[in-house]
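Next come two complexes built around chain A: one with chain B, the other with chain C.
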Partner chain A sequence: MATTQTTNEEVPAVKLPARRRKLALFRLGEEIPRSIYLTIAILSFLIPIGLWCYFTYSGQSNALIIPTPTDMFKAGFQEYQNGSLLPDIEISVTRITEGFLLSALLAIPIGILMGAYKTFEAAHEPFVGFVRYVPVPALIPLVMVTAGIGEPAKILLIWLGTYFQMVLVVADVTRQVPKDLLNAARTLGANRTQLLFNVLLPATLPGLMDTCRTMIGWAWTYLVIAEVVATSSGLGYSIMKAQRFSRSDEIFVGIVILGLLGLGTDMFFKIVQPRLLPWAEAQRN
Partner chain B sequence: MISQFQGVSAIATERSQPMSEPLLKIDQLYKEYPTKKGPLTVLERTSFNVDASELVSIVGPSGCGKSTLLHIVGGLTVPTSGSVYLGGKEVTDAGRDRGMVFQAYTLFPWLTVRQNVQFGPKQRGVKKAEREELAERFLDAVGLNGFRDHYPKQLSGGMRQRVAIARALANSPQMLLMDEPFGALDAQTRTVMQELLLDIRKKERTTTLFITHDIDEAVFLSDRIFVMTARPGRLKAEISVPFGADRTVDIRKSSEYFEIRTNVYDLLHDEGKSVVEAEIAAGKK
Partner chain C sequence: MQKHLRISALTMITFAVAAVGFASSPVLASPPITIGYSDWPGWTCWAIAEKEGFFKKHNVNVKLVWFPNYTDSLNAFAANQIDANAQCWSDTMGPLAQGQDAKAILINDNSAGNDAVVAGPGINSIKQLRGKKVATELGTVEEFLLDKALAANNMSERDIQYINIKVQDCPAAMETHQVDAVAVWEPNKSELLAKMPGSHVIFDSRSLPGQIPDLLVMQTKVINARPKDVQGIVDAWYDMEAWWRLHPDEAVKIMADTAQDPGTPAQQIAFYKSFIKGTRIFDAVEAKAAFTRSNKPTSLYASGPSICQFLLDQDQIGKIPDFAAAIDPTFIDAAVAKGEGKKPPYNYTLKVD
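Coming up: the complex of A and B.
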């Protein structure tokens, strides 16, 4: 049996014409070049802004309903100068932080217990399933009766809106920890406590981070609901007040700031997650 | 050294008597699962022994209960009846005396390679210096000391299984339980891993119970092979593989190897067929 050994000298290098690959933007689940991704992302902002500019500056839209970008910036600057903008942002951010932290501090341990032990699941999940389907705005009267209209009422509302969602997601994250991972730890001699704290808990961390990121979005929603209903401070209130005085420019200021704060929070999680959990498998979002 | 006194040698033989007891004794093991249609037997009464420093494989068609058998030995599944004894003591739970390697990748993703290997010793409070030494020794054995600070996500499948073997061995178990450990690897990597395991066994002489559906793998590695029947699984035949622990890769070319291989193949072939036929029959109903 003869096996021919080939070396590079024997095989003449044939220059193949460089095949130009067609740029494919619509292949299911395929990556696209980063530059193109960024361009599309920037356009997704620029196009609506461009339309907004076109219709307002050309006078084709009612200036009382939609302000020009210039009017909006002017209004924003005015609010900043008369000292109402920053305190509004500050109080809203404080409320959301407090409400969200309260939710997370309860939902994470309770959710993990629910995911880990059927006994805890039975004790809490059916009840959560019930409360979860009650729309939070329907609870506002009850909140006002029990907690008044002060700060605790707003935090309670954010808590009601996020806790019951979060606890279920955390339980699911916990259940998705591969059983083989826990089995491997058991055969390595881990006892029950070690299994919980040294295996189950770290295994849930990436999922918990994702959950927090999603839930903060929900928290913004309930914050504004709380502030629209009964307050005299915060971004939601500033929007309501602007509406009362038909100040569409100020309404826009409030909306844009809410959007930017939300975007900032999301970016924060996106940047912090890979630094905090460098070991986690890359997630595509 | 030959003992000079008859009396001493007689005592020595007497003492060595309990030593020759099998390390692992599987006694009348039986497992059924409750289903809607009544109990489903997955493992018929099964008994066999594994001697110290022996490698015994169990081959069988998929769904024959070989994994269930190994999980019972590992203490991860409770048998319906029957018992498992390790060193004369009945097995009731998972424990570090039976190190397990799974088909799925079970490295802890949040720990580096080195920390993964140290996991077992760390749980039982082995001092850091000693742990580092253990990790170094067993990572050397699997040839991965250069990757000790990598996270599992940075490793290929074959490398992950090497670390999993090192992790199981570093915990100094009385025996290894391997559940199709190379089943998810490509053919080339699998061969390399089989040779690595052979190499490690030459040094460590770890008693091993090995589950596989790969006939070549079983013949290449084992001292004895048990062939299981299709569900409900029971032992159908026992085949001795007389190559000894110091075998080399060359046995793969020997006629004896082919003979044993053919023998196992014939025994398994009928079982594989009956599984497919049973599945088709069940589908028709």
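Coming up: the complex of A and C.
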């Protein structure tokens, strides 16, 4: 008997049987339960590690190229004990930070100008587009001549690897600021300075954060190239030295630490970004 | 139905042709022994053996793999990507200590001048390097040369400012006066001497007989599986030496052509002639002596301990490997017994003893 409730009398709370929503893992762009995310992420590490353990402990792989996990940990522990591990990490992190900051300090203002004004774009982008494809290792003798063989040379190599990529991406991010935003500001009477600093800049910040996050990963890969010239410390140096002496265990220690440092940097950005730029999340949704 | 008949007929014909092809080339049917080599006179001459048909003459299928960068050949050999490699004795120790199962089966030469310490004007001896900036590539035979040079003058790396720069970048560092001296090999040594006025050699490998031997090192499993082929390779080497002696100009041309060092072909040949002068190639009798236990400086057994000690002090190796087990004289002994390799490719004034 179909009845429709039209009165305002309280409806007794009927406990409906809990209907489990079908577990949807492949809906485009939709969230999945956090526990599932974590499980898949952990498996994505465990499976390669499992394969690594299998191939090395069973002796199927070449010990000169891939060490067993035990050998790697032993080598890492030894490096820690003879006091080279932490200073190596410290000096590499310093070099990356300095090189990256120098890149960012130049790339962000110049990139924004390039994205905002076509005159700047014409002045700088073709040149950047050309230099971008020059392999940085080929520039080592040139760097040696201009910057010597000390720390500045290494910072310069990291800068060369990151600046030319970064400035283009920043310019792109700037160009993607919706024209409507700028037009609205102009309608409201904003002058050139206000447009740049009060409207454009805050609008580009989320994209800039993303850029920095990608670029710092890029910078890490240039560490090994930067530490080729006249070094006696650093993670890149220790990897190269280990490679020269066929010490696969030490190579892997260096690789794993580099990977963890890169992952740490990435997670740092992931955590900091929504806190610093809450409007970015709103923009995305 | 016709379509199916056509396809199966085509397939059968293809297989038949392939089978006939395989059957008619017995040498090609056995997989080639891959030998890695790079730019060094004692190694580029392998190209002569190939070109003049000495490998075919001894019925051995060899594939020479050229490496523009010597270190890449070391890595490829350590990764078992090539069956054998042309490399130095000192560079063989590291992988041996790490468990590589390989043996030296032939000695090509000793470095006799190609590896050198080059200094700028004002520095005329190793002793004057005290406190100065000296650059060379970490862990290479050049660092070994430098350390030996310092040790001969009662010094060590602690008495100089050692800077780690790749050998190919050392000339640039010298020319821009960032460092006072470098230890380099060819062609960077000639490049530096030519480009930098006042630069000169203050020490070279002629003063270190037996310390920088160049060898053919092969994976043990290949040696055990194909000893006849390995003997064929060693026999081809000595045939090549004899041919070189009879055709000096053609030999240099083939070697310079293989190496493709910078410059016109005429410049390449001129450079290679000087490159060869700094290489003391061994005949079979001298090779046999190098593969015999003795106190002679050229004996691999005699130079092994001092090389290993250097590597140990440098922390390049964790322990001294059993290098004696990695010296296999059987193939050279057989060649000498057959009367091969009685003379080196040309007469050297530098005695090997």
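Here is the rule we go by: the second predicted complex is superposed on the first by the 242 of 285 C-alpha atoms of A that agree within 3 Å, B and C clash if a C-alpha of one lies under 4 Å from a C-alpha of the other, contacts with A are read in each partner's own complex, and residues count from 1 in each chain.
By definition in this document, a residue touches a chain if its C-beta (ideal position, glycine included) is under 8 Å from a C-beta of that chain, and two chains touch if they have at least 3 such contacts.
Computed from a predicted structure; not experimentally measured.
Student: What is the contact status of A:I108 with respect to chain B (first) and chain C (second): first, second, both, or neither?
Tutor: So A:I108 meets neither chain B nor chain C here.
Student: Now for A:M209: first (chain B), second (chain C), both, or neither, which partner does it touch?
Tutor: In the superposition, A:M209 touches no partner, neither chain B nor chain C.
Student: Quick one: classify A:S232 as touching chain B (first), chain C (second), both or neither.
Tutor: second
Student: Considering only touches as defined above, state whether A:D180 meets chain B (first), chain C (second), both or neither.
Tutor: first
Student: Under the definition above, what is the set of chain A residues touching chain C in their complex?
Tutor: 62-65, 140-141, 144-145, 148-149, 228-232, 237, 240-241, 243-248
Student: Which residues of chain B touch chain A once you look at their complex with the stated criterion?
Tutor: Residues in contact with chain A: 74-76, 93-96, 98-100, 102, 104, 106, 108-111, 119-120, 123-124, 151-153, 164, 167-168, 171, 177.
Student: What part of chain A is in contact with chain B in the complex they form?
Tutor: Where chain A meets chain B, its residues are 178, 180-181, 183-191, 194, 198-199, 202-203, 205, 277-281.
Student: Could you please specify the touching residues of chain C with respect to chain A in the complex?
Tutor: Residues 71, 74-75, 78-80, 94-95, 98-100, 135, 138-140, 163-166, 169, 172-173, 176, 178-179, 316-317.
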